[in-house]
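Report on the structure given below.
Going by the order they are written in, the chains are A, B, C, D, E, F, G and H; count residues from 1 in each one.
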Amino acid sequence: MPHPKVAVLMGSDSDLPVMEKAIETLKEFEIAPQVKILSAHRVPDKVAEFVKNARSSGFEVVIAGAGLAAHLAGAVAANTTLPVIGVPLKSGALAGVDALYATVQMPSGIPVATVAIDGAKNAAILAAQILSIKYPEIAKKLEEMRAKMRQEVERKSAEAEKKYN
Amino acid sequence: MPHPKVAVLMGSDSDLPVMEKAIETLKEFEIAPQVKILSAHRVPDKVAEFVKNARSSGFEVVIAGAGLAAHLAGAVAANTTLPVIGVPLKSGALAGVDALYATVQMPSGIPVATVAIDGAKNAAILAAQILSIKYPEIAKKLEEMRAKMRQEVERKSAEAEKKYN
Amino acid sequence: MPHPKVAVLMGSDSDLPVMEKAIETLKEFEIAPQVKILSAHRVPDKVAEFVKNARSSGFEVVIAGAGLAAHLAGAVAANTTLPVIGVPLKSGALAGVDALYATVQMPSGIPVATVAIDGAKNAAILAAQILSIKYPEIAKKLEEMRAKMRQEVERKSAEAEKKYN
Amino acid sequence: MPHPKVAVLMGSDSDLPVMEKAIETLKEFEIAPQVKILSAHRVPDKVAEFVKNARSSGFEVVIAGAGLAAHLAGAVAANTTLPVIGVPLKSGALAGVDALYATVQMPSGIPVATVAIDGAKNAAILAAQILSIKYPEIAKKLEEMRAKMRQEVERKSAEAEKKYN
Amino acid sequence: MPHPKVAVLMGSDSDLPVMEKAIETLKEFEIAPQVKILSAHRVPDKVAEFVKNARSSGFEVVIAGAGLAAHLAGAVAANTTLPVIGVPLKSGALAGVDALYATVQMPSGIPVATVAIDGAKNAAILAAQILSIKYPEIAKKLEEMRAKMRQEVERKSAEAEKKYN
Amino acid sequence: MPHPKVAVLMGSDSDLPVMEKAIETLKEFEIAPQVKILSAHRVPDKVAEFVKNARSSGFEVVIAGAGLAAHLAGAVAANTTLPVIGVPLKSGALAGVDALYATVQMPSGIPVATVAIDGAKNAAILAAQILSIKYPEIAKKLEEMRAKMRQEVERKSAEAEKKYN
Amino acid sequence: MPHPKVAVLMGSDSDLPVMEKAIETLKEFEIAPQVKILSAHRVPDKVAEFVKNARSSGFEVVIAGAGLAAHLAGAVAANTTLPVIGVPLKSGALAGVDALYATVQMPSGIPVATVAIDGAKNAAILAAQILSIKYPEIAKKLEEMRAKMRQEVERKSAEAEKKYN
Amino acid sequence: MPHPKVAVLMGSDSDLPVMEKAIETLKEFEIAPQVKILSAHRVPDKVAEFVKNARSSGFEVVIAGAGLAAHLAGAVAANTTLPVIGVPLKSGALAGVDALYATVQMPSGIPVATVAIDGAKNAAILAAQILSIKYPEIAKKLEEMRAKMRQEVERKSAEAEKKYN
């Protein structure tokens, strides 16, 4: 089985506790995450440089998480035609609604595939769903994950039914 | 060149004026859109039936646009492991912020790749970006579109510079 | 006295601490709650299957609690013509405003009777009020609950008046 | 067939253009609407008087529509144990978000079954769904309405598919 | 010196920790507070009864604090032509923005003088400012309070200047 | 009968179409309005000068309307201990929610009696209610206005009942 | 007198009708505006290139206006240590609140001096205020503008006083 | 090297823990901060007096931080043509969104350069960026700070890459 490459970028090392869930989930799919801290505001050239070469370096999806005026996913999307997944992060007084708007309200021409605030795990699953159109093994793993999820809900429902009904 | 299949679903025929932009843009990429009106609330079985067979019917991406308590993209995502792009539509008193939250704030396990409110064109471009990891022709077309976009901005800037500077 | 049946559904077992108030309150009215964990996104078929048979299985009201992009109540309402009460739950960065909008802003044709964010107890009382049009015993119990509520307010006011006036 | 009675209250005659949809929809279900303009702030005694006698006068559901600091549904709910459906109306600078919060965020003990902003038609359908637990004819009519709705969506989808696919 | 009477009403005894600041502040102005717990939803008749007699009982201002769908101040204002001061209280998932809108967005004809969320102290000062147009002693006390406030700010500024400059 | 003096201040002449309703309503109560355009930002000294002398010049209430970062009412309140009524005005992209927050969220010590967005008429009625504690004629006029309001609602309800029931 | 140089950048030519007010106002101060259309998402390299040379090219302030996920001002600020003024522009369903958050909520280290939504004129005045610390002529012009503003308010107040008092 | 003077004003001593970051950062740039507690509502005359003399006293920038209905920056801007930087502070139920709107939404003619909620450090950096157009030493220090920031991000990225890749 091939190990498709997904870049996992974030604006600050303080984003790691949330973004770690993306890294772990990618690994469960045997996707190779490449983690980098790349602030759109503090090291804009590094962002452009890394992202411009992303496709030719073999990356197939980029995940970018940022908080506040979360420009990272947009800055990434501006420099590549790979699919870019944006994770708005909760931080500061506006608790992530600023990051959500700054990530999702992209202008015509440069989309960012936005997931829920702090939705790092879902970003990884979405990356897997995107890769599944090319890698049948990942499609299979996704079906297995769904089946497990269903079983988990059913098991928990059975417990609750036993307790309350 | 192959013509990958993308489903373009929407909750109501009143969504067509906005969702048409997705259809047109897909065609520019020589992607074959399959349009369907499929309300998550009025014909839930039809949604489930269509979506469950989407991958085996050869679809590779699903775009779903809906307004208000916009459940369509989520209902689609619940029934397939294909990548699902959600387009929150502006309608009613809350002007799309309800649709944005109902589309993007998906629970862990079932992501929706959300674009801007009324961002139907970007949904199509995102679909193309996703397909580009498998179809090099689409990657090429995306680069061409970006180049054209850049030229357009530069042309307009030249005009404005001439007028105001 | 008959024991009318009310289904109490929720998207996740993490919703139980809030939804328990609905269960307890229903029991105070001698209404039989049937608790199930049924995620609209993780087990959509189970939701449809359970709800489609709800009326014929003797249920008269369905209560559905969910957080984030809270689709459960809408998915239930799409599959039955029984009255459906939605409880938006507080969770995540948007603290329930997402769940409120995703529950209440239903499109024309498929209403959800929405109560306050985390208003599980009120969902049960609303279920009792709905049942009271058919079961006079419940109407009586509701009057008793109101009388007790009034006495409680008066007792607390008397205490406060004594302390502050 | 019996004609169950539903009160349709609103705070001002300027609410009639929206609330008319509730009146018409109730009539389609052969439910007898009783329309009254009853402001919670301008004629509070009339509200209390009418509502206190509502159950004994044969009403089974009350629908109350109001805008701004929309207290009408809450004032109604405070005076009856009948199910009360609140319709937040769009008006003024906050475009209905004030009415939504003032209608749905009821304190423990006194629920209001809230529908979407300007959701007068859905309020009537919800009233029918509530009555359907007692009147099988209304349950039947609801199923017919749903079937018609489904056909309508399918017809429109067929048209769109013909045009775009 | 006369002791003008101000009613201090609140929807629940859980509001006392915040509303106590109004009580204390009124006492500093030698205004006699009359505290009552009077829920607009749980004891609507008590509210109407108390408020209708408020002017004839010698009250000159009414302060009403409530949270969530905060109807108390509006219900009071509907039943008296005395000036009514509304204090929106922070509680629940929306953290007071619901109470603010439900208190301030009153319809034409029935105003509520709204202060900040949890602004119980300011409600008392506003009551004093209202009474000051009739009672010169209170006008004098207000000037003294302002002078003290100014001195306090100057004292604290002097401390900070010493520490930081 | 005396003609109490109320100042009606606003930040810009573009506020006149809304603030005119306050002027007219005051005149109905035979209260003498003194209109001034006094921007807190453009002529701050004029605001301070006028307001500091307001009480000694015989004013008993000040009404201040402003939009956007609506500081006028706060700037007035900072310079007088008279009761100050703030009218947040709808203007610009945020449609008055900025003006509402900037008017109502005053810090401890300096209250502003805030009415609804664009609630100029209610500001005048609130001024009358404040004056009514000193001028019995105004209390009487307020009762008359309320009686007329009630009749108006009843008349309109009768019309609607005739048309729809 | 010297003519300091200020860059006036915007994301799209559709922003010109609003941003023109900045251009005109700068000219009133005899500041030379240099207009460019430079989208952070469509021509990111052009933005970086222009901005990196801005200080050495003699620019002293940069004004950047953008709507939606308004990254332009942030992208500019990331590439220069000149003062950057951000103008959030109203466009799309969220009416500028997205642009405001995306412009003002910058992370630590890279500030953007944000003005009101659509506040292009104020951006130019702020630029003049910044330049005034170096160019006494501009300080003088600012004082003149303020004096004229004051006279204008006074003239309009006199008119209103004549009409209404 | 000269030590340019920047005033650091705040509405209350409770704002010091946040505003201290501005003070410290200014000192790193060898800019002399002058700290004062100056409430727009409690000591409006002191604000006007201090600010009117600010330019002639040698100040070149004013930083003003305030929470709630944050008028301080606006009141400062109304009394000087120096550049004024506003820091909206998080406090109370609305968590700073009130302060943000009250600071940034200034009317035409009187801009405030607004930074992020609690963005005191960025206010100081912005002050330095403004001063850098006059003082080359500060421009140099800003470049050094940026270089350090870049190194810091790179160092942290290297650590994360080592740990996760």
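As a convention for this text, a contact is a pair of C-beta atoms (placed from the backbone, for glycine too) under 8 Å apart; a residue touches a chain by one contact, two chains touch by 3 or more.
These numbers were taken from a predicted model, which means no experiment stands behind them.
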| query | Smallest number of touch links from subunit A to reach subunit E? | reply | 2
| field | Fewest touching-chain hops separating subunit C from subunit F | value | 2
| query | If you list every residue number at the subunit F and subunit G contact, are more than half found on both copies (same) or fewer than half (different)? | reply | different
| Centre distance in Å when subunit D and subunit F are each reduced to the mean of their C-alpha atoms | 34
| query | Roughly how far is subunit B from subunit E, going centre to centre by Cα mean, in whole Å? | reply | 51
| note | Rounded to the nearest Å, the gap separating the Cα centres of subunit G and subunit H is 18
| Could you say which residues in subunit G touch two or more other chains, in rising order? | 12, 39, 42, 68-69, 92, 94-95, 97, 104-107, 109-110, 116-117, 146, 149
| message | For this structure, enumerate the chain pairs that meet the touch criterion. | response | A-B, A-C, A-G, A-H, B-C, B-D, B-G, C-D, C-E, D-E, D-F, E-F, E-H, F-G, F-H, G-H
| note | Per the touch rule above, subunit G residues touching subunit F in the complex are 90, 95-97, 116-118, 146, 149-150, 152-154, 156-157, 159-161, 163-165
| note | As the complex stands, subunit C meets subunit A at residues 8, 12-13, 16, 20, 23, 33-39, 42-43, 46, 68-69, 92-95
| remark: Listed in rising order, subunit E residues that touch subunit F in their complex are 55, 60-61, 81-85, 100, 104-117, 119, 121-123, 125-126, 129-134, 139, 142-143, 145-146, 149
| task | Write out the stretch or stretches of subunit E touching subunit D in their complex. | result | 11-12, 39-42, 44-45, 48, 67-71, 74-75, 77-79, 92, 94, 97-98, 101-107, 109-110
